[in-house]
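Notes follow the structure.
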Amino acid sequence: MKIQSKKLEVWYGNKQALHAVDLAMQEHTITALIGPSGCGKSTYLRCLNRMNDTIEGVVVKGGLLLDGYDVYEPGVDVVALRRRVGMVFQKANPFPKSIFDNVAFGLRLGPRIPKTELDGRVEQALTRAALWEEVRDRLTGSALGLSGGQQQRLCIARALAVEPEVLLMDEPTSALDPIATAKIEELLHGLADRYTIVIVTHNMQQAARVSDQTAFFFMGQLIEVAPTDDLFTHPTVKKTEEYITGRFG
Amino acid sequence: MNRNERTGFGLLAICAGFLVLLVVALVGYVVSGGWSVLSFGFLTEVPRNGMREGGIWPPIFGTIVLMLITAVSATPLGVGCAIYLVEYAREGWLVRLIRLSIRNLSGVPSVVYGLFGVGLFVNGLGFGPSLLASGLTLGLLTLPWTITASEEALRRVPRSYRDGALALGATPWEAISKNVIPAALPGMLTGIILGLARAAGETAPILFTGVTFSRPDIPHSVFDTYMALPYHLYILSTQHQDIVTVRPVAFATATVLLGIVLVINGTAAVVRSRLRAAQVG
Amino acid sequence: MEGASTYVHPVTTRNPLTGGGVRRAREAAIRGAFTLAALVSVGVLVGIFAVLFLQARESFGGNEGIAQSTLTPEQRALFTDVEFAALPAVPPPAPSVGRDFLGGTNWNPTGATAYYGVLPMVVSTLMVTLCALALAAPLGIGAAAWLAYVAPPRAREVIKPIIEVLAAIPSVVLGFVGIVVVGPALAHGFGLQSGLSAANGALLLAVMALPTIVSITEDALTAVPRDYVQASLALGADRWQTLVRVVLPAAQSGVVAALMLGMGRAIGETMTVLMACGNATAMPGSIFDPVRTLTATIAIELGETDVGSRHFHMLFAVGLVLFCMTFAVNLASEIAMRKSGGSRA
């Protein structure tokens, strides 16, 4: 198992956001986290690279393993963890720098990389994010000049450039039009060969299209997890059925 | 609009209109009084014949150097404090204490800063009356403004610039230094420069910390006394033995001082509104 | 959950995710440096108070010219210095904080017998400040109400920056205007010998306090929820009634805070009053008398005293009184601000 959580709980102050979540993800698969707003799916996602640490008053209990090692053990190097577990945010957040500098941002944080190697890795990341052909002639142009869909793919390229093992995506297409969304979904299929992907989405069709496994969250609890085809065709829990048939949410 | 509204709102409009008139009248009066004396020579020559003739180069020079010392002393501290408050601090008694101090510092009268400067820099640390003592005193005076301006600029940087960098494996300081500060820099600079413009017009804090009403040359080191524009105007309008004769020079000095302050303010305001528009769009 | 039973328990060997100690130490050091920078502001405030307090305390202890008093008459006879001989054999006792300083009505530090009564200056400061506030308050609140409530957005964008120019005018320039225009105009209009008076200072201080009052009052009025306005209009009130009976009362604390801050600024203002008020140390009888405020006294006299003399220390005591007054006024505005739920910083 690449990622495993055991009785994972998250508290914001004295408000409990996640209740004892047990969930496992295999290497090089895509797991979709679905559920209505505020169900805890994004909170769970942000535990995986410890981005929850940046919020004041967050307490995480229980176990969370990456390759069998505890992510929340005292003394864990959060910075190194985040280089192994990349993240793409809901709203594309390119930095106000050039396209090249955006992709190179993570690479420049570590020891100095020679210019030729840097160029090569930026190109590779942009190619994997299916953006290279569109931006190869304007690498020094501002990233803010790209379209919404391009910006989001740039953010994917930026995350891929540091060669993570896991890629977390927090509703990556919720702000995009259908065409840009289709492009990113197509991209995800190709990326699954190299990366373990966890994607939060409130679009059930998207979950059905892209993922191997789907987990349904409700009110901070993991209600059901199953291979995607099974979950959508014959859910075993009534709540799941109600959600996927659109009776609430 | 009924009659109530017409009269009431009319009164309010008169208040606002009066303030606008006041500004125009004040600035217009000073500038029209000083305009005819202004010349290139007035800005570049030293005073002659007991300040009745010649220019005001030494006070201009003194004010500029003073601003530099003020900027160098207040900016690192002020920006550092703002970075702590916005990027590192978590709410608690320490943050409340720091905020309380900043708010009270901004309410301390400038003449009290002058007393503090005498006690600490002139006598305590033995700098004597000097550019350095005055510059540091003004630096402390501008500290709360620098902090507030920097804080405001830092808070306008979207959270995603920080989170995006952290998610890529940046340390907090890498996220701040590579992403947050560059984005906040223009806003911080305009705020700091506005504070300096305000400090340039201050007289009370420099009164006993090193300014002198006349010296034949410009200061040679930061431990020298110096002339400054606002004090020069004070001397010309109240302390000079021949006040009536030097009145045109006083008007021109006031015009130069006002001009410097307003030009800096105007530029900063334009830059700031552009920045705000750019960040919203 | 069936899947849960396959949970692999943490491996007990050293966790490869741990590490980065050097990096963490560096980050902690950087954080520490910024914390120190932030603490400087606390240090400066404490330092200002400490310097004022310690220097001021000197004025109320010991005797002026303690040196002679320790000499025996034989030793005194050895000196031929004329000035020295002219000094009284028994030096004057230290003034008391209550009766001589705070309660004293005569300020004459350089007389044969020195008097250090600060009361006339406190009265002068309050008189000038309160008159300035009485002038600035209606004007400032009116202008702020127009900007926040009546003005079309376009007009606001133009007029607001113009009013903000007032805040940028150096106080020494305003003082200059007081000397050359406002003072003479007052003298002419009211038939006074000299226009340099409390009234002159009050007019100019009103100008100084206006930008603060306008901008904070406007913020307070803008912060009043739109629902209140809608509810009032829906009940059939017109917009003027809504402003006077709903919006202004709702913003009351914010307006009070604005007035207090404006007052704090006026109390601490030095150059304008120094140049425009005539600087007589006597207890003022009317608004047209020349007066000398606390700030002006420090500005005039500090340069002429010997460092370490009683007079020198006394001026720090005056500074301490000033510090306490502005502190109280700012505290009042703070409390009002907190009530209104807004924050200044």
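Worth pointing out:
The chains carry the letters A, B and C, assigned in the order they are written, with residues numbered from 1 in each.
Rule of thumb we're sticking to: a residue touches a chain if its C-beta (ideal position, glycine included) is under 8 Å from a C-beta of that chain, and two chains touch if they have at least 3 such contacts.
Quick caveat, the model's predicted, so the values are computed rather than measured.
Of all chains, the one whose mean C-alpha position sits at the greatest distance from that of subunit C is A.
The most central chain, judged by the distance from its Cα centroid to the centroid of all protein Cα atoms shown, is B.
The distance from the centre of subunit B to the centre of subunit C, with each centre set as the mean of the Cα atoms, comes to 17 Å.
Subunit A and subunit B, compared by their mean Cα positions, are separated by 48 Å. Subunit A and subunit C have Cα centroids separated by 54 Å.
In subunit B, the residues that touch at least two other chains are 171. For subunit A, the set of residues touching two or more other chains reads 79-80. Each of the following residues of subunit C touches two or more other chains: 23. Listed in rising order, the residues of subunit B touching subunit C in the complex are 2, 4-5, 8-9, 11-16, 18-20, 22-24, 26-27, 29-30, 33, 76-77, 80-81, 83-85, 87-89, 97-99, 101-105, 107-116, 118-120, 123-124, 140, 143-144, 147-148, 151, 171-173, 197-198, 200-204, 207-208, 230-231, 233-234, 237-238, 247, 250, 254, 257-258, 261-262, 265, 269. Across the interface of their complex, subunit A is touched by residues 90-91, 158, 160-171, 174, 178-179, 182-183 of subunit B. Contacts from subunit A toward subunit C in the complex involve residues 1, 4, 6, 22-24, 63, 65-66, 68-71, 73, 75-81, 222, 225.
Across the complex, subunit A is touched by residues 1, 3-4, 6-8, 10-11, 15-20, 23-24 of subunit C.
In the complex of the two chains, the subunit C residues touching subunit B come out as 23, 26-27, 30-31, 33-42, 44-45, 47-48, 51-52, 55, 138-143, 145-147, 149-151, 159, 161-166, 168-177, 179-181, 207, 210, 214, 238-241, 243-244, 261, 264, 267-271, 274-275, 295, 298-299, 302-303, 307, 315-316, 319, 322-323, 326-327, 329-330, 334, 344-345.
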